[in-house]
Amino acid sequence: MPPGTLMHIGTRRLKNTVLHEINYSPGHLTESYPLKPGDLLQDGAGNDGNTWINVSGLHDVDFLQSIGEQFNIHKLVLEDVVNTDQRPKMEDHGHFLFFTLKMFSWDEAGQAMAWEQLSIILGEGFIITFQEAQGDVFEPVRDRLRQAKGRIRKMGPDYLCYALLDAIVDQFFLIQEKVSDSLDGIEEMVFDHPGKEAATAIHEMKRMLLNIRRAAWPMRELISHFEKSESPLLDKGTRLYVRDVYDHSIQIIDNVEVSREITAGLMDMYLSAISNRTNEVMKVLTIVATLFIPLTFIVGIYGMNFEYMPELSWPWAYPVILGIMFFILIGMILYFRKRKWL
Amino acid sequence: MPPGTLMHIGTRRLKNTVLHEINYSPGHLTESYPLKPGDLLQDGAGNDGNTWINVSGLHDVDFLQSIGEQFNIHKLVLEDVVNTDQRPKMEDHGHFLFFTLKMFSWDEAGQAMAWEQLSIILGEGFIITFQEAQGDVFEPVRDRLRQAKGRIRKMGPDYLCYALLDAIVDQFFLIQEKVSDSLDGIEEMVFDHPGKEAATAIHEMKRMLLNIRRAAWPMRELISHFEKSESPLLDKGTRLYVRDVYDHSIQIIDNVEVSREITAGLMDMYLSAISNRTNEVMKVLTIVATLFIPLTFIVGIYGMNFEYMPELSWPWAYPVILGIMFFILIGMILYFRKRKWL
Amino acid sequence: MPPGTLMHIGTRRLKNTVLHEINYSPGHLTESYPLKPGDLLQDGAGNDGNTWINVSGLHDVDFLQSIGEQFNIHKLVLEDVVNTDQRPKMEDHGHFLFFTLKMFSWDEAGQAMAWEQLSIILGEGFIITFQEAQGDVFEPVRDRLRQAKGRIRKMGPDYLCYALLDAIVDQFFLIQEKVSDSLDGIEEMVFDHPGKEAATAIHEMKRMLLNIRRAAWPMRELISHFEKSESPLLDKGTRLYVRDVYDHSIQIIDNVEVSREITAGLMDMYLSAISNRTNEVMKVLTIVATLFIPLTFIVGIYGMNFEYMPELSWPWAYPVILGIMFFILIGMILYFRKRKWL
Amino acid sequence: MPPGTLMHIGTRRLKNTVLHEINYSPGHLTESYPLKPGDLLQDGAGNDGNTWINVSGLHDVDFLQSIGEQFNIHKLVLEDVVNTDQRPKMEDHGHFLFFTLKMFSWDEAGQAMAWEQLSIILGEGFIITFQEAQGDVFEPVRDRLRQAKGRIRKMGPDYLCYALLDAIVDQFFLIQEKVSDSLDGIEEMVFDHPGKEAATAIHEMKRMLLNIRRAAWPMRELISHFEKSESPLLDKGTRLYVRDVYDHSIQIIDNVEVSREITAGLMDMYLSAISNRTNEVMKVLTIVATLFIPLTFIVGIYGMNFEYMPELSWPWAYPVILGIMFFILIGMILYFRKRKWL
Amino acid sequence: MPPGTLMHIGTRRLKNTVLHEINYSPGHLTESYPLKPGDLLQDGAGNDGNTWINVSGLHDVDFLQSIGEQFNIHKLVLEDVVNTDQRPKMEDHGHFLFFTLKMFSWDEAGQAMAWEQLSIILGEGFIITFQEAQGDVFEPVRDRLRQAKGRIRKMGPDYLCYALLDAIVDQFFLIQEKVSDSLDGIEEMVFDHPGKEAATAIHEMKRMLLNIRRAAWPMRELISHFEKSESPLLDKGTRLYVRDVYDHSIQIIDNVEVSREITAGLMDMYLSAISNRTNEVMKVLTIVATLFIPLTFIVGIYGMNFEYMPELSWPWAYPVILGIMFFILIGMILYFRKRKWL
C-alpha cells in the first residue's frame, strides 16, 4: 500500500470508536462523554479555552481521516497512530507536536502486565489522544481538571500533555514494584526449591523486562526531545515540569537495568543450585556404593562353592569375617569424614 | 586486479541479464519488459518524465560498462554493484546518489530467509536498480505506478527511491514475524523436550539473527545518510517520507536486538533444562542403588557357606531377616522423602 | 495527585522532625540544637554570616512548605526532597542549587550497609540539608566548624556544601573497604568449602554492589555538574576542592566496577569448584565400582549350584581364583594410575 | 635506551637486507632487484618520475639510519619501523606520511595465518616500504606497474600507497574466507563428535580472531586518518579510492565481529553437547542399574542358606520367581518409556 | 580531617625519607645522594640548569609541607601525593603540572608484580618526583643524564618528565611479557591436567589483569592530557615524544584487553575440560556397570537354592551359561562401539 494509507494494525479491541471531549479554561469545564465520531463538534478547536479530545478505538479509518483534515494532520502521522507496533517517538510538525508511546498498566486480575499504544497530538489550544481500548491511566488527571486542583486548568494544553506523560510514567513505577515483588518471590524459589518452575519464572521475568525496557528507552528520548523542543507550543513554565518527568524516566531505566542484572544473577544462582544438588545426590550414591560394593564382594567370596576352602570349616571364621567387614566400614566412614563428605 | 575492474563476485543466478524499463510522468506511463541489454533505448534518460531501469543479473560486464558510460557512473561504483558482498552504504557522487543494500525475502517453500544485493542509482530524472536474480519485492510499487495510486507518479525519482527502500524495509518486518514464530516454537521445544534439535534450532536462529543484524545496522545508517543528505536530488517533500522509513529501520534493529536477547535466554533455559534432567536421572539411580545395594549385601551374608553360622539353623531366622530388610527399606524411603527426593 | 504535592515516600524513621541550626562567620559560631520546627528563627537567612539548617525527618509537610515559602523553593524541589527514591541529581534554580543524593553508612552492629536520602539546598548565605533519620556522617564537618579548623569558617556555604559532599564520598570508601574484606572472605569460602553459603554470599554481594553503583554513578554526574556549574553561588576558590571530590567519585566508580568483576569471577570459581567436586566424587564411585563389580561377578560364577562344575572340586581352584582376582585388581589400579585418576 | 635508538625488536627473518627499487612515470619504468643496501642510488629521490623503494629486513641499523638521513625521517619514526610490535597507525610529518600496519597472509603449507609488520613512508615523488621478510602480497601491484595496467603509472605515489593498502586489505578477506571454512569445520565437529579437539579448535579460533581484530581495528582508523588527511601528499583524485578501501576495512571488522559471535555460539553448543552426552550416558547407566539391581537382590534372597526357607522346596517356586522377575522387568521398562528415557 | 591535611595513607615502606638531587645543563651535571630532608639546598630551584629532586618515602609530613611552601604547591596536591590510593591523573596548576600514577615493576624473586605510587611535579626548571619506597625504574634515565646520552641534557625538565613516563610505560610491557608467559603456562595446565590449581591460576591472573588495567586506562588519559596540554611548561619539541609514549600507552591497553579475553577463554576451556572428564569417568562407570550387572544377575539365578531347578543337573548347563554370558558381553561391547563409547 502507498504510504499514508490508514489501516489499523493490531487486534481490534473495541467494537465502536468512543470519544471523550473536555473543554476547559481557568473558569469553566464542559465534558461530553460518550460521544460518537459523528457528534464531534465541528467548531471544537475554534472555541475559547482548551480542548482535550480522547479517541478510544483506532479502526474507524474514515473518522480518523476527517479528524486529520479538520486539524491539518499529515497522513504519515495518522498512519503512525493506527500502526500500534510503532516505536515511541516525538515529532515536531510545526503547528502540532506528535507523540506516540506505550501505556503500561497492571492487570490485577491476571497478575500480568498489559499495554497499549497511546498517541498524543498537541496543538494550539487543543490536545488529541488516541488509544486502542477504553480505560486508561488518566482518570486522576481528569479529576484534577474537573476539580480545578493545582494549576492544571490555568495552564495550556502543553501542561495537560505533561500531566498525561506523567501519569504514564507513574504507571511504570507501579509495574516495577510488581517486578520487584516477583523477583523476591523467584529468589525465594531459587533458594528453597530450585526446579523447573523457578527456571520458567526467571525466563518470563526476562521477557517482561525486555518489554518494559523496549518501551522505556525510547520514551526517555521522547521526553528529552519534548523538554529540549523549541516549539512555541511548549511554554517555558511547563518545561520545568517536563524536566521532572524526564528525571523519572531516567530512574525507570535505571530500575529496569538493575532488575535485569538481578534476574541474570538469579539464573546463575539457579544453575549453581542445580549443580549443587546433583553434587549432593552423587555423594549419597557414592557413599552407599563405596561402602557396600566391596563388602558384597567379600561375602560373595565365601558364597563360592569350592570344595577346598579351608576357612569355611574354621569355627571362628564367620564372626572374624563380620568383624573385618565392620572395620572396613568404619575405615571408609572415617575416610569420607576426612573428605568432608559426611 | 586494478581497482574499478568489473567482475561479478558471487553465484551467477541468471542466465541472461534482463531489463525492465518504466517511463512515467503524472499523465502517462510506458513499460518495456523483458528488454535485452542491447535494446535499452539510447535516449532513455533524456526523455520527458522519469525513467526507472531495473537490471536483473550482474555478470554482463560489457553492458554494465556501457550503462556506466551513458550515465557517467564512476568505475568504483560499478565495482560495488557487481561485488555482492558489499556492506550497505550510500554515496553522494554529485550528479547521482548510490545506494547498495541487502534485499531480504522469505522463501515460503524452503521456510528460509533469502537475500540478494540491491544497488540503486538515483539521478536527475532517472533511477537504475541492479539485482542479482529476477523476482523482487517491488511489484506493489510497480502497481502503484501503473495505477497512479497515491502521489507516486506526481513526484520525482527520489520519491520512487523512497518507495523502494520502504518496500525493502517492510520485508524485514515480515522476516521478523517469522523469527518471532520460530522463537515461540523453539521455546516450546526447550520446555517440553529439550534435546539436540532444540540446541540446533537455537544455534541456527543465532546465525540467522546475525545475518539480519548485519544487514540492518548499515541500512539504518544508509537511510539516515539519505535523509540528512543535502543533495538537490532529494526533494524537501520527500524527506518526511524518508524520515518515516528511517523510524522503521530503527524499529527493525530494536526487534533484532530483542530477538537476540530472547535467543540467548533460550540457550540458558536449555542448559538449565539439561542439568535438571541429569539431576533427575541421577536421583532415580541413587534411590534405587541406595535402597538395594545394602539389602543385597545382607542377603549375601546369609549366602556364605561357613559351617558355623548359628543363624542359619534358627527356625525364625528367615522371616526375621526379611522383616529387618523391610524396615531398612521403609527407613530409607522416609529418609528420601525428608530430602524431598521422592 | 497533582505535581508538587508533598507526601513523604518511604518509611517514616523519626517521630518528630528535629532541626539543627549553625550560624557561623570567620569570627563567631552559634549552634541551636535540638530545635523544633516551630522554633526556626524567622530571620535566619537574613543574618550576618552563613547559616546551615539541618532538617532530620521528612514527614512534616506543613513545616517543609513553610520552609519552601521562606526560602522561595519551587514545589517540585520539595517533592523531590520527600520522595526518597529520587535518583541523585543537581539542579540549578538560579537563586539556589539543589542536590539530592544517597548518604551511605556502615552499620557496625548489623554488619550491613545502610543508606538514606540526603538533599541539600545551597543558597546565598545559607545551606539547608534534609535527611530521613537522625545521625549522619557530618559530625567531623561540624567539629571543624566549631573549632574553626582549616578554612571552613572563612569560606562561604559553597565550601560547606563541598565539605558535606566530601564527607558523603568518604563514606563510600569506608563501605568499599568492607566490601573488599567481604570479598576476601568469600574467596576463602569458595576455595575451601564451596557450598550453598558461598553462593548466597556471592549473590548478596552482587546486590550490594548494584546498590552502591546505582548511587555512585549519578553522584559522579552530580559533582561534575556542580564543578562545571556557572552559578555565582559557587566560588572560584571552592571549585578546586570540588574537582578533588570529583576525582574521588570517579575512583569510587572504578572500585565498584573492579569489585563487580571480582564478584563475577568468584561466581565462576564457585561453579568450577562444584564441577570439580562432582568430578572427584564421580571418580571415587567409578574406581570402587569398576574394581569390585567384575570381581563380584567372578565370585558369583563359583557360587552357582550346577552339579557339573569341574573347577569346584579342583584342590587349587580357590587360591588360583583368589590370585586371578588379585591380578585383575592390580591391573585395574595400574590402569587408573595411567589415566591419572589415582 | 634513549628514544630514537634503533634496535630491531622481533625475530630476524632475513640474513641480509634486500632492496627493490622501481622508478616509474607514465611513459617508462626501471626496476632494480635485488639491490644491496650499498647500491641504493644516491640520486634516487631526485629523479624524474616516482620511486618505490622496498626494504626487506629491518636489522641493518646503519643502512636504516642513512636512509633516514637521506629522506629526512625523524628518529622516532625509524624506531617505530624496527619495533615490530608497533600498533598500526598513521602519522603526518609534513614532508612525508608514515604508516605502519600488519600485513597478513595465508600460509597454504602450514594451514595457518602469518603476519609481519609493514611500514610505508609516502613522500613527494617517492614511497619507501619496510618489511621484515622477503615475499609479500604486492606482486599484483608490481605487475600492474610493469604492464601499465589501469591508471597506476599515471598517478602519483599516493595512488601507489592506496594500491598497497588495498592489497593488504584484500588479504584480510582471503583470511576471513579461511576462517569461515574453519568455522564450518568446527561446527560439524561440535555437532558430530564433540570432544577435546573441538574445544581446542574453538580456543585456537578465538585467539586467531583476537589477532585479526587487533590488527583490523587500528588499520581502519589508519585508513580513515589517511582519507581525511589534509596533507598535500594525498591527491583529491586518489581520495575516492582511499574511501573505497576504507569501506572494505569496515567490512573486515564487521566480519571479524560476526566470526567472534559465531565462535562464542559454538562454545555454547559444545558445552551443551557435552552436557547432553553426559545425560545420555547417565540414562543408560540408570536404566541398566535400575533394572538389574532389584532383581539381583531377589535372586540373592533365594541364594541364602537358611535351613527353614519353605519356598525352596516348593516345586513351582523357581518358575514363579522367574515370572515375577519378568513382570518387574516389564514394569520398569514401561516406567522408563513413560518418562521418555527409552 | 579538613581537606589538605597531609597524612600518609598506605604502608610506610621506608624508615627515613631519602632525597636524590640531580642538577644538570647541557655542559654539566652534579648529583647529591643520599640527601636527608634537612640537606635540601634552599636555592635548588633558583640555580642555573635544571634540577630533579627525587623524594623516596612519604611519611615525613613536615618535610613535604616545607617543600610545598618552597615550590608553592597547593595543599590538595600534597594530599594527593601522600594518598597512595590516588587514581592516576594530570592536573595543570599554571606554574606547575602535577602527575600521579602507578609505577609497576616485576619482582623476579617472588615472581609477582609490585607497584607503588609515583607523583611528579613538573615546574619551570625543576622536576620533583615522590615515591613510596627506594629503588625505582629510573636508573637508565639517570645513566643517560650522567653520560649525556641522546638529547636528554640539552632539553628541559619536560623532556625529563617524558623520559620518566616512558620508563614507567616500558615496565608495563615487561609485565605484559610475564603475563603472556603465565598465560601460556596456564593454557598448558588447562589442556594437560585441568584441576584446582588451573582454576586458581586463572583467578589470580584475572585479578592481576584487573590491577594492570585499572592503572593503565587512567595513565593513558593522563598522557593524552599531557600531550594536548597548552601549558608553556611543555615544549613543542617534546610533544612529539609524548605522542610516542601515548601510542605505547594505547598499545598497553590493547594488550591488557587481549589478555583479559584470553583469560576468559581459558576459564571456558577449563570448565569444558572438567565437563569432558566427568563425561569420560561416567562412561567408564557405565560401561563396566552395564557389562557386569546383568551378568551378575544371571550367575545369581543359578546361585539360588531351589530344590527343583532342572538346569542345575544338566551336564552342559555350566558351559552353555558361560557361553551365553560371553555372547551377551560381546553384544554389549559391540553396542558401545556403535555408540562410540569404546
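We call the chains A, B, C, D and E, going by the order they appear; numbering starts again at 1 in every chain.
The rule is short, and it goes like this: contacts are C-beta pairs under 8 Å (C-beta built on N, C-alpha and C of every residue); 3 or more make two chains touch, one makes a residue touch a chain.
This one's a predicted model, so the numbers in the text were calculated from it and none came from an experiment.
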item: Required steps from chain C to chain D (each step between touching chains, minimum); value: 2
item: Labels of chains that are neighbours to chain A and to chain E; value: C
item: Self-contact between copies chain B and chain D, residue sets same or different by half; value: different
item: Distance from the mean Cα position of chain B to that of chain A, given in whole angstrom; value: 26
item: For chain B paired with chain C, centre-to-centre distance based on mean C-alpha positions, whole Å; value: 42
item: Touching two or more other chains - residues of chain E; value: 271, 275, 278, 282, 285, 289, 293, 296, 300, 303-305, 309
item: Category of the chain touch graph - line, ring, star, complete, other; value: ring
item: Chain order, ring traversed from chain D with chain E following; value: D, E, C, A, B
item: Chain E residues within the chain C interface of the complex; value: 1-5, 74, 76, 79-80, 85-87, 89, 193, 195-196, 199-200, 203, 206-207, 210, 214, 267, 270-271, 274-275, 277-278, 281-282, 284-285, 288-289, 291-293, 295-296, 299-300, 302-305, 309, 311-318, 321-322
item: Parts of chain B lying in touch with chain A, wherever the complex brings them together; value: 140, 144, 149-152, 163, 166, 191, 240-241, 244, 247, 250-251, 254, 258, 261-262, 265, 268-269, 271-273, 275-276, 278-279, 282-283, 285-286, 289-290, 293-294, 296-297, 300-301, 303-309, 340-341
